[in-house]
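Pasting the structures here.
Okay, so chain A shows up in both of these, paired with chain B first and chain C after.
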Partner chain A sequence: MSVLELTEIRRVFSRHDGALDRAMNRVGLGRKPQHLVAVDDVSLTLQQGEMLGIVGESGCGKSTLGRIAAQLLPASGGTVRWQGQPIADMAPRDARAARRAIQMVFQNPYASLNPAMSVAQTILEAPLAHGLIRRRDSAAFLAQMLDKVGLAPDLADRRPHALSGGQRQRVGIARALAVSPEVVIFDEAVAALDVSVQAQILNLLVDLKAQGGFASMFISHDLNVVRFISDRIAILYLGRLVEIADRDTIFARAHHPYTRALLAEAPQLGGAKRRFTALKGELPSPLNPPSGCHFHPRCPHATDLCRSTRPALRDVGAGHRSACHYDLPQVAPQTQGA
Partner chain B sequence: MLSVENLVTSIAAKGTPVVRGVSFDVQPGQILGVVGESGSGKSMMAYSLIDLLPRGIAIAGGRVTFDGQDLTAMPVAQLRRLRGDRIAMIFQDPMVALNPVLTIGEQMIEAVLAHRRVSRQAARARCVEVLARVGIPSPEERMGAYPHEFSGGMRQRVVIAIAFLNDPALIVADEATTALDVTIQSQIIAEIQSLAAETGTAILWITHDLSLLSGFADHVMVMYAGQVVETAPAERIFAAPRHPYTAALMEAVPVPGRTRLANLPGVPPALDALPKGCAFAPRCPRVQPLCREQAPPVIQGARCHFPLEVTP
Partner chain C sequence: MRNAILSLRRAPFALFCLALFLLIVVAALLAPWIAPQDPYDNAVVDFFDSNLPPGSPAGMGGLTYWLGTDALGRDLWSAILYGLRITLTVAATASVLALVIGVLAGLVSAYAGGWVDAVIMRLVDILLGFPTILVALTIMALAGAGTGNLILALVVAQWPYYARTARSAALVEIGQDYIEAARCLELPHWRIILHHLLPNSISPIMVVLTLQLAHAVAIEASLSFLGLGTSIERPSLGLLIANGSREILSGHTWALIYPGLALAMLIFTVNVFGDRIRRALNPQEA
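This part shows the complex of A and B:
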């Protein structure tokens, strides 16, 4: 069953498009408005209990999509459905409940924690405000949450500056879990951590996932991390969903040439020493994306059709969808070093 | 070509060492990867080599020999002539390395003229050539552009072009591709690889990313708490790490098929409160009583009392 459903989500950021610019434009003096399509008709569903990895490079819209899903940012178009109901059409009370049920964990645990609040205050604030726990139960609840994320009880009175990076991120996770969410959106939640600390947090997420209780979106630029943690993986490029499939399918039979390039370039421990041969070209500016398929200027297989027509996201196998016009032959095993 | 012997760098006011007796050599054309977590001293070690240490931190001992000269004893003016010429640097954030109010061309030509007695035209031609080499499209026109007109990847490429300008003998790169997207990172690594292979430039590549090094370093040095805990040819270290910290780091990296990562408890020690004995002992899964008492010797490249056996 799907818990969260995003349908044709679109988000446009504009600049030079304020009231003053519009008035100036009327008399021919304004700046030309610029529109950036950060998320371009993305449809996704999140199934109960699954972890969906969202992968892409900078500017692909992955964080914007996460914020829209978490109701932290309004979409310019499209619908976010919570248990089948569009959140936008809900009564305020229900919308509030939906917001509570979708929590977010951010990349920078220092910037996302209030420096003046202790660990205990940070974790207890929301459940008390939502009336999920009674004040007299809060000590027991706090102990339970700290234990759940692997924090020692004596850290409860510390403020964020007195915690290590890994401890801060555990507090961020505990804060999200404290309101019993049904969906947790992790936005680059381990990107800022050292390797050994990243491993601790990833192990924690595996444990929490095994305990069940929530579905999640795991947004990351790091394919190796996403591969480790996700059940399904969605690949974004310049605001568009280019491929989505279950994890093993992505790694065994990637369909889209961009996904294949990403897989080939991701550094891999123990990979043989090799000459790096990169995908040509830059990531295009999202302010001025290429026509047709956004990937065509960098794609070794591009044709006139790719330059003129946006490929639809189509079914290429059981639950495997890809936005490429062609069914390109699989190159021998998708490992690097070859 | 570069030889570092027992380098010690300390916070001057407190005498807290941040680099504790590091020794290594780099040969022409060699890519030496230095890997460590935050606070391991890898950046401070690199900044010590080229006298770019932050105020308050200074070299307290050891020798750094480059082309037969001791850099630690060299007058500042002479060292400055060396930097940007025979020794080039690449940092993580290209915006720090580039002057925002000068065009790329202006600062590149300046970098050539500071070290070479050539005409402006010749300097300009060299800049265009190097920009083309690192994959900047239409380099002639881009010479007139300002840093902010480039994307992040392009900017880092410009910084690398500046590093290449005077055919340096050594490039010191500190997290040079960490902020870049993976497809752009690959392009930069490809340039570095061909530079090392074609011109014999030695590369000191500092990173937190073991996976990246496994694809391109010749030799790897692992740092922990200001010391080198293991050093070995890349193939050996990735196939069979000997130091428990190296092994734990590798097991902490998500690789296909792994369902659980090494749980290295705790965090690296504070450098002003180092444990007696081995600095890694409090986190080490193989710790013995001896480790908490005595600083370990270096045995076959690993600074450990009880290194892992290398299975033949």
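This part shows the complex of A and C:
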């Protein structure tokens, strides 16, 4: 069953106009109001215990989507349902409990820890404040959490400035897990780390996932990272969901041309010769997105239909959905699943 | 903050000023024990000794007025020590109260945003629009003289400075992910403000504290000089200066010069020290 369900989520950022702009607009002299549609009618469900990878280029709205899912940012439209019930309609008490059950791990481990608090304070603060543990059990709880994320017990009294990037990210993970969340959103959680440390953290996440207890969204721009860790993968392009399927389907039978282009660009081991022609052009400005299918200016198969009509997300096989008007033939066999 | 304190080692003059300031504070605190005379005790003060020049022996014998006496026959050295006590108590109490109120207002303003921010900051702007001394004067004129009202006036005049500084420091921190994480953990708002925002916004506020402390001393002296501060029986430094200034045409210059020197030294040392911390915390200037 689904724990977290996002339905037709939309988020528009508008330039904040001052009084002068508004007055100038009234007489027709002001700057044109600008709207950025960061997330455009995205619907996703997160099943119990699964890890959903969310992939896209920078600026495609994946972090915005994560922050909306974590209730850190209000959506401009659409509903977020927690165990079937819209969070917005819940009694304040239940809504708080729901929000607490959705935790987030942030990208930059240097900014996501309070520099004035020790590791122990950081991890214990929320469980103590919410009465999830008793003060006299806190030492044992702390030891358990540190062990869970692979941190040595003697780091408990250190402050963030005395920790490495990987250690900080482990503290960030422990902080999120300390309130026993049911959903954890990893927002580019390994992007700021060295590759070797990245691998350690990814292995930790795989272990934690195997222990069960939480479903998660793993937001990343790196297909290889997502491939390693996710059960299902959703691909975003300029705020829209273009394709979603389970991991092996995405890698074996990607349907949307954008997904195929991403796969072709992802570096592979053993791929000796590689033509680097898959994705032409720059990512269009989200302030002024292309008409119809957002991908048409970069798509080798674009037609007039693509230029005029937004393709609906349609079912193209068991749980595999794609937002392309056409069923393009599979050109080259993709590499085998991980 | 720690770096700022360490960098003071390379600023001998600022350190010297800090030492001098601490010496003044200790002297003020120990006034009842080191002052040769209790200037508040009318049984001890001898009216017939009024306006004696420095170095004169007391008429009744027993002590020498090293800094002379004022128009009421009080030993000026003792009166300065006791006056420092009053001045420092008023300035320190007012500064700490203004800090608490101002910092809370600033942090809440930054954290809440929206109309709360707008209301608090417009109030701050209005208060900052008037000269501090004018705000304090108005309060004193409305509330009347007295130590309590003096503190009230200083707090009203000074909290906006703390609020502005706290807000701008907090706005920088609010953009950081750890505040977002704290919100995600559903911690109570007061907890985020006090445990996450406050400790990370405190350094620039401490600089404002040192500078505003000097300012509070100056305002207190100005108000007392204008007769809106402390009472004549228990004069602060400002009132001693005011009284001294009335004697200047009679040639009793010491009654003005010595309290004036004490006040100047106090403000100067705090300012030099505070300015040094401010520069140490600002990497562009250090």
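We take it that the second predicted complex is superposed on the first by the 323 of 338 C-alpha atoms of A that agree within 3 Å, B and C clash if a C-alpha of one lies under 4 Å from a C-alpha of the other, contacts with A are read in each partner's own complex, and residues count from 1 in each chain.
The rule we apply is simple: a contact is a pair of C-beta atoms (placed from the backbone, for glycine too) under 8 Å apart; a residue touches a chain by one contact, two chains touch by 3 or more.
Source: prediction; values computed, not measured.
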Clash or fit (per the criteria above) of chain B with chain C on chain A: fit
Contacts of A:309 with chain B and chain C, given as first, second, both or neither: neither
Which superposed partner A:144 touches (first chain B, second chain C, both, neither): neither
Chain B versus chain C as contact partner of A:34, first or second or both or neither: neither
Touching partner for A:164 - first (chain B), second (chain C), both, neither: first
Chain B versus chain C, judged by how many residues of chain A each one touches: B
First (chain B), second (chain C), both or neither touched by A:291: neither
Partner chain in contact with A:202 - chain B first, chain C second, else both or neither: first
Touching partner for A:282 - first (chain B), second (chain C), both, neither: first
First, second, both or neither for A:175, with chain B first and chain C second: second
Where chain B and chain C come nearest after superposition, their Cα distance in Å: 18
List of chain C residues in touch with chain A within their complex: 176-178, 180-188, 191, 195-196, 199-200
Sites on chain A touched by chain C in the complex: 70-72, 96, 99-100, 102-104, 106-108, 111-117, 125-126, 129-130, 172, 175-176, 179
Touching residues on chain A, where the partner in the complex is chain B: 57-58, 164, 166, 194-200, 202-203, 206, 221, 223-225, 227-229, 251, 261-262, 265-279, 282-283, 285, 336-337
Touching residues on chain B, where the partner in the complex is chain A: 37-38, 151-154, 181-187, 189-190, 193, 208-212, 214-216, 234-235, 238, 248-256, 258-265, 267
